[in-house]
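Let me begin by handing over the structure; questions about it come next.
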Amino acid sequence: GDVIKVGVPLAMTGPYTDTGDNYWKGIKMAIDEINADGGLLGKQLEPIRFDTQEFAPERVMQGADYLVGQEKVDSVHAGWAGWGQDVRAYGKYTAPFFADDGSQAAVDVFKEDPEKYANIFQLTDTDINQATSMFNVLMALPYEYPNKKVVIINADDAWGTGVGDTLETKFKEAGWEVALREVVPYGTREWGPIMTRIRRIKPAIIHVEIVSAPEVITFFRQFMRTPTDTILSYGYSIVPREVVETMGKEADGLIGEVPTAMPTPEAPTPEAQAWVERFTEIWGHQPQAGSWAAYSGVKAWAAAVVAVGDEKDHAAVNRHIATVGYKGETGWWKWDEDHVMRGGGDVPFGHYQVQDGEMVTIFTDPPTRPYKDYKFIKPRWIK
Amino acid sequence: MLRVSHLTKKFGELVAVNDLSFHVAEGQIYGIAGPNGAGKSTIYNLITGYHDFEGEILFDGTPIAGMAPHKIAQLGISRTFQVPETFPSLTAAQSIGVGCHFGDSEAYDQARVDEIIAFLDLAQDRDCMADELNLLGKKKVMIGAALATRPKILLLDEPMAGSNAHEIRDLMELIKRINQEMGVTIIIIEHFMKVLTELTQKLLIIDAGARIAEGDPEEVIRDPHVIECYLGEEYADNS
Amino acid sequence: MYIEEYLDVFISGLTNGSVYALMAVGLTLVYGVSRAFNFAYGSFYSLGGYFAWVLMVYLGLSGGYLMVLLMAVPFLIGFGYVTEKVIVAPLRKRSDWEVKVMMITLGLALFLDNGYQVLFGPRMKSLPPIMTGAVELGPIYIANQDIMIFVLAISGILAFRWLLNNTRIGMAVRAVAQNPIGAKIVGIPKNRIFAATFGISTVMVGLGGILLAQKYFISPMGGWDILVKSWVITAFGGMGSIRGGLLAAFILGMLEAYVGYVFGMTWVLFALFGVLLATLAIRPQGLMGKWG
Amino acid sequence: MLTIADVNAYYDQFHVLHDVSCEVHEGEVVVMLGPNGHGKSTLLKAVCGLLDRVDGTITYKGQDITGWSTEQLVNQGVIYIAENRELFGDMTVMENLKLGAYAKNARKKEKRNLARVFELFPRLAARKKQLAATMSGGEARMLAIARGLMSNADFLCIDEPSLGLQPNLRTEVFNIIKEIHRQGKSMLLVEQNIPQIADLADRVYVLEEGCITFQGSAEEAAADDRLKEIFLGM
Amino acid sequence: MDWKRMSGTMALIYGVMALMPLFVGGTDHLMHILIMCLIWAVVASCWDLIMGFAGIFSFGQVAFFVIGAYASAILALTFGIHPLAAMVLAGVVAAAIGVLVALPCLRLKGAYIALVTFAVHMILEPFLKSDMGRAIGTGGSRGILTIPPMELFGITFGAGDKVAVFYAALVLAVVCSVIIMLVIRSFWGTAFLALKDSAGFAASLGVSAFKYKLAVFALTSFLTGLAGGFYGHYIGMLSTRMLGIDLFVMLMIMLVLGGIGQFPGAILGAIVTVTFNEALAPLGTYRPMVLGALVVVLVLALPDGIIGLLRNLVPGRGAAEPAVAESTAANAGGQG
């Protein structure tokens, strides 16, 4: 036919709806752009959505069977997709599949059989590498730590534990004392007991890795009741938009990280800047974590299809993406032999600090270097 | 058959049964009467294991203290309740069936159920939902279920209440037949003296949980103390 | 270890406790009294929150919290009352109404929660602080907010308990719960009482939603957490026993605080249910329950 | 006072009462006799608005009360004392009695009535704090009657008041009924065995298989051999 | 519902199911849905047995399902046991845990049982994720991503060959349903009803509440665990995300639609619910909302579920529920 079907399995209901939206906005934008200038190989792209709900195994599998098996889509663009479950589900098929849940679990599944999983591509680096990057930046901050004690608090999910474990080892290697490591369930609101211990420890760094606004906001507010001289590092937990939206200037000083990030407020290149403006114009707000990655996924696939000249030749398309990569707004996207978009090069991890109520890129990594002339500001609570 | 000695039950400060002793012989119909709240039903609840108690209860020589109700039932002690109990989601026949199963699936035999239904002539309501029966029906089903457990002794709690003279006569017939044809020892609680005097071989009158008289019914109900605290003058006259 | 730390943890225990108490009152009422398990309880909690949010943030109404509460009470009562009349009452005639009520309220919860999602979007909403500042006694720090919640929870529950035990209405409510027919016979307007009960409980949990917005915020699915916690507390305290509920709330609050402090947060849930089981093993009717 | 005309009553599909007509005049005690399960209680339930389906007309003090809710009737001064008591098991004797006076017109007189029923049933006075569920059969019956009296209604439908009462109390209860009667209240009684029917009832109906098969004065009833044999036996 | 009609209805349902592959055998996606229908049918029927018939408010069914799934997967993976054996063992494990849970429940009443059983559900996720969980091979918060499919007579019952899996599932469902039906038919069924109606009276007739509650807990958790194991080997991966509220609610809805305590109803409920849910998929974000509304309407419209509806259409003893009559009235004086 004269349309190319594109599968979009995202959480449209339930607790993951918000991230689902972020990815959808990026994907939709890319598809509309491609269709606007004549489509792909002269064919219009037709997105077909599937609600992954809470990523229960059978749901993930059903997504694959529905989109690729039944609807015969020629590429699948997901965001958070199943932390490895997705690799198995979509690996059965050949259509290129882009996921963004940056989990080592997914990569491990891939490694079992790179041939079979040749169609799987990760848009972000793994929890391990992201955590490493967070550590590097913390160490690179222009700030004299009063002591070498760190407190690590993470949620009890795959992402949280992944980051937590990595940081723990990193800090220990660097001769730091991990004075407290707490794994907390979602829904924690009363931090009193932990605060009590923190106030005794007086750590130089607290890292919180719970990707859920209520938890991190209550944590921050209760910390601020009687703050210690501590750098608060929120890692990826800074991402939920509510954090800055709810707290505004109150959140000034928090630092965090975003993978495959489009640095803000000023993008690295004019094209990137233009993209940010386009996005903001369409959706009425700044792009969020994931939007750009998902967008680029679609574009990367489209480029490959054009190069191959046949969207049905999945093998060739996959090979092209894997070997050639794609030139995006900030420069080249290169997937490594594990089909992971490793952080670095033209698409580094972005490290932010909340300044004046907005997230500001202060570092990119690797290599660890300050971003443009944005400066790290010593948090107001540190004497 | 059933020997109760120094039975005592306290609910808080209230002494419901007070150092009570009595003995029911095999094949007997034994009557218990006494003012409201004297402790009659409580005695049943103790014998059938619904409450713990002080004192001793021997059934065929085995002490039943501390046994669960269903265990006691399986010993061969069966009872009816003062306020008719039913299984609203079962039919009359099924309800009797429950007793017939006697706690294990093997024991069931349809023949016995039919026999009991015939015995109580419940044929017409055998497939009625139990709680849609009238009072008499409910009582009969309850007795039927109790009989289905093949009891050695059957405790009846005010079976006559709410029946008219005519029905009372039928019920008395029924009880006699249960006692004679089925050879079941019976204890009966009643407030109708005529019933007790006609039916029972031995009558126990209690008040405030303690015995005030026991012996041959005819004499017992002439006992001034009994008349004074229980029967009342008028009743004594017109009975 | 350090005495003041234990004090500090004690304070968080109290805070937990009062928050839980505030959550659970409403459930103790409907479930403990009218014996209808309301799965939509959590959704009513969110309802209160969103109502306040619409007034204060979306419409930017001035007049602050007092104003909001004044408008919320009638709204919530009405909502609860009508809900009962329309979807719960018709089921009451059935012998298996308890299960049916569970089911229908579950459907309602599904409807409301996803309704919020569609209407207000998936992101959590927050309300301006009711009060700021804190009381500081040496090392001990107590936020005024928490004090307020504490006071409101306790007074609310006690008032409510007094109402149930000492007023004619209260007695009527219990009577209806225990024996609907008996209630009819003595002339209690059974249906109205049931609906009213539902209404009152809706108000309670709804207001809870507003007061707790500072800690628990308002999000489409946020209600479930509340439902489960309240349920644990109600059962633990003993159905129908307000005093038990109150006690349970604080015991669990303390437990959470101290277990979290000594062993770490991951153990809280295990400890919580451990204690629950132990209690039920000894007292099947809950701490102070009158019936099951 | 109360007129029941061609009443038919059903439980679901099950047709219990067939064109029953009877009446109770101002200040009368009418006794409804009949074998078990022939619809006596059903008739009372029908009058007191406790059945889902009742056809025919019931008029009370001249107004048509068919299909009225029980609570309306209670407020009109019609009270039902149930065969199976319908007490509030988890409440104390005191609370049960207090609730008996729930009806508006009873609230004022609550204190006085309380004193009165306690004097009628000293056992209850002794057990104010006991839970109704734990009362003995007879005690529960007393409580049910007492609760009914608390409503100080002027028309009482009493279903088997003497059920499960000890002999001397049974006579006692009948005296109470006479006493209430003397205060000019009217009553529709269902009873199974009333030796002293003659000096209790003004008139007697017999309900068999859902139909009225006899009606007449107490004397006539007492004179009728068949009735004597079946109902007034002992 | 009488024996003939019960088995008849079941035969009809499964008969129709058995024919489905002829029409949709080609499309994996639809076959997958059918398979899930069957698996949920088992779980729902078990839930119906324990809740609808035994009158025990167990909220632990999903938990037992997940326990079964994990147990079977772990047994097959770490001990290399044949998946079929692993499944059965998983059932046993689930049953054992079921009994453990039942023990404290036996003295409890409705709401408390619900609480204790739901506690299992709530504890399970943190446990599976915890180090203890990792130790026994749950893969922590990652889950288990490589579960071997079941192989029998040279056929691989994995995600690859859906038709094969379908018929395997059908067998499982039929077997479980028959077991459940026999239980309901047997004296057990009567005993459950009796205990539910009046425990005191039942006890006086020699019926032991303890025995039957324990038994029903063991049986339902066994079957549920079995189904869980099947699920694991079919999907080939597991994660704690099955414990989300999603599945729990879905199962509840299956029961409502099918009709509680209306046995074959649960099966029908499962099938209808899953299909409904898929049919509503195009609604995207609005789906759960509409689903919720549907549940409300349906509970009001057909309180006895689909089965009840059918029964009222088909002549015969109507499903007329006795109104809350004297039965619920706290008939004062218990045994007084």
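By letter and in written order, the chains are A, B, C, D and E; residue numbering begins at 1 in each of them.
One rule holds in what follows: a contact is a pair of C-beta atoms (placed from the backbone, for glycine too) under 8 Å apart; a residue touches a chain by one contact, two chains touch by 3 or more.
Here is each chain with its UniProt name: B, D = ABC transporter ATP-binding protein; C, E = Branched-chain amino acid ABC transporter permease.
Remember, it's a predicted structure, so these values are computed and weren't measured experimentally.
Each step here moves to a touching chain, and the least such steps from chain A to chain B number 2. Contact count check for C-E and C-D (C-beta pairs in contact): higher for C-E. One inter-chain figure worth recording: chain A and chain E are separated by 38 Å, centre to centre, where each centre is the mean of the chain's CA atoms. Centroids of chain B and chain D (each the mean of its C-alpha atoms) stand 28 Å apart. Averaged C-alpha coordinates give centres for chain A and chain D that are 77 Å from one another. Counting partners per residue, chain E has 126, 130, 245, 285, 287-288, 322-323, 325-327, 329-334, 336 as the residues that reach two or more other chains. Counting partner chains per residue, chain D shows two or more touched chains at residues 84, 86-90, 134-137, 139. Shown for chain B are the residues that touch two or more other chains, namely 41, 82-83, 88-89, 132.
Interface residues of chain B, counted against chain D in their complex, comprise 11, 34-38, 40-42, 82-83, 132-137, 157-158, 161-169, 191-194, 230-235, 238-239.
Residues of chain C that touch chain E in their complex: 31, 37, 87, 90-100, 102-104, 106-115, 117-118, 178-182, 221, 224, 228, 231-232, 235, 239, 266, 269-270, 273, 276-277, 280-281, 284-286, 291-292.
Chain D contributes residues 48, 50, 69-71, 73-75, 79-80, 82, 86-91, 95, 98-100, 102-103, 107, 147, 151 to its touches with chain C in the complex.
Across the complex, chain C is touched by residues 51-52, 104, 107-112, 114-116, 118-119, 122-123, 126, 130, 245, 249, 252-253, 255-256, 260-261, 285-289, 291-296, 298-300, 303, 321-330 of chain E. Residues 168, 171-172, 174-175, 178-179, 181-190, 240, 290-291 of chain C are the ones that touch chain D when the two sit in their complex.
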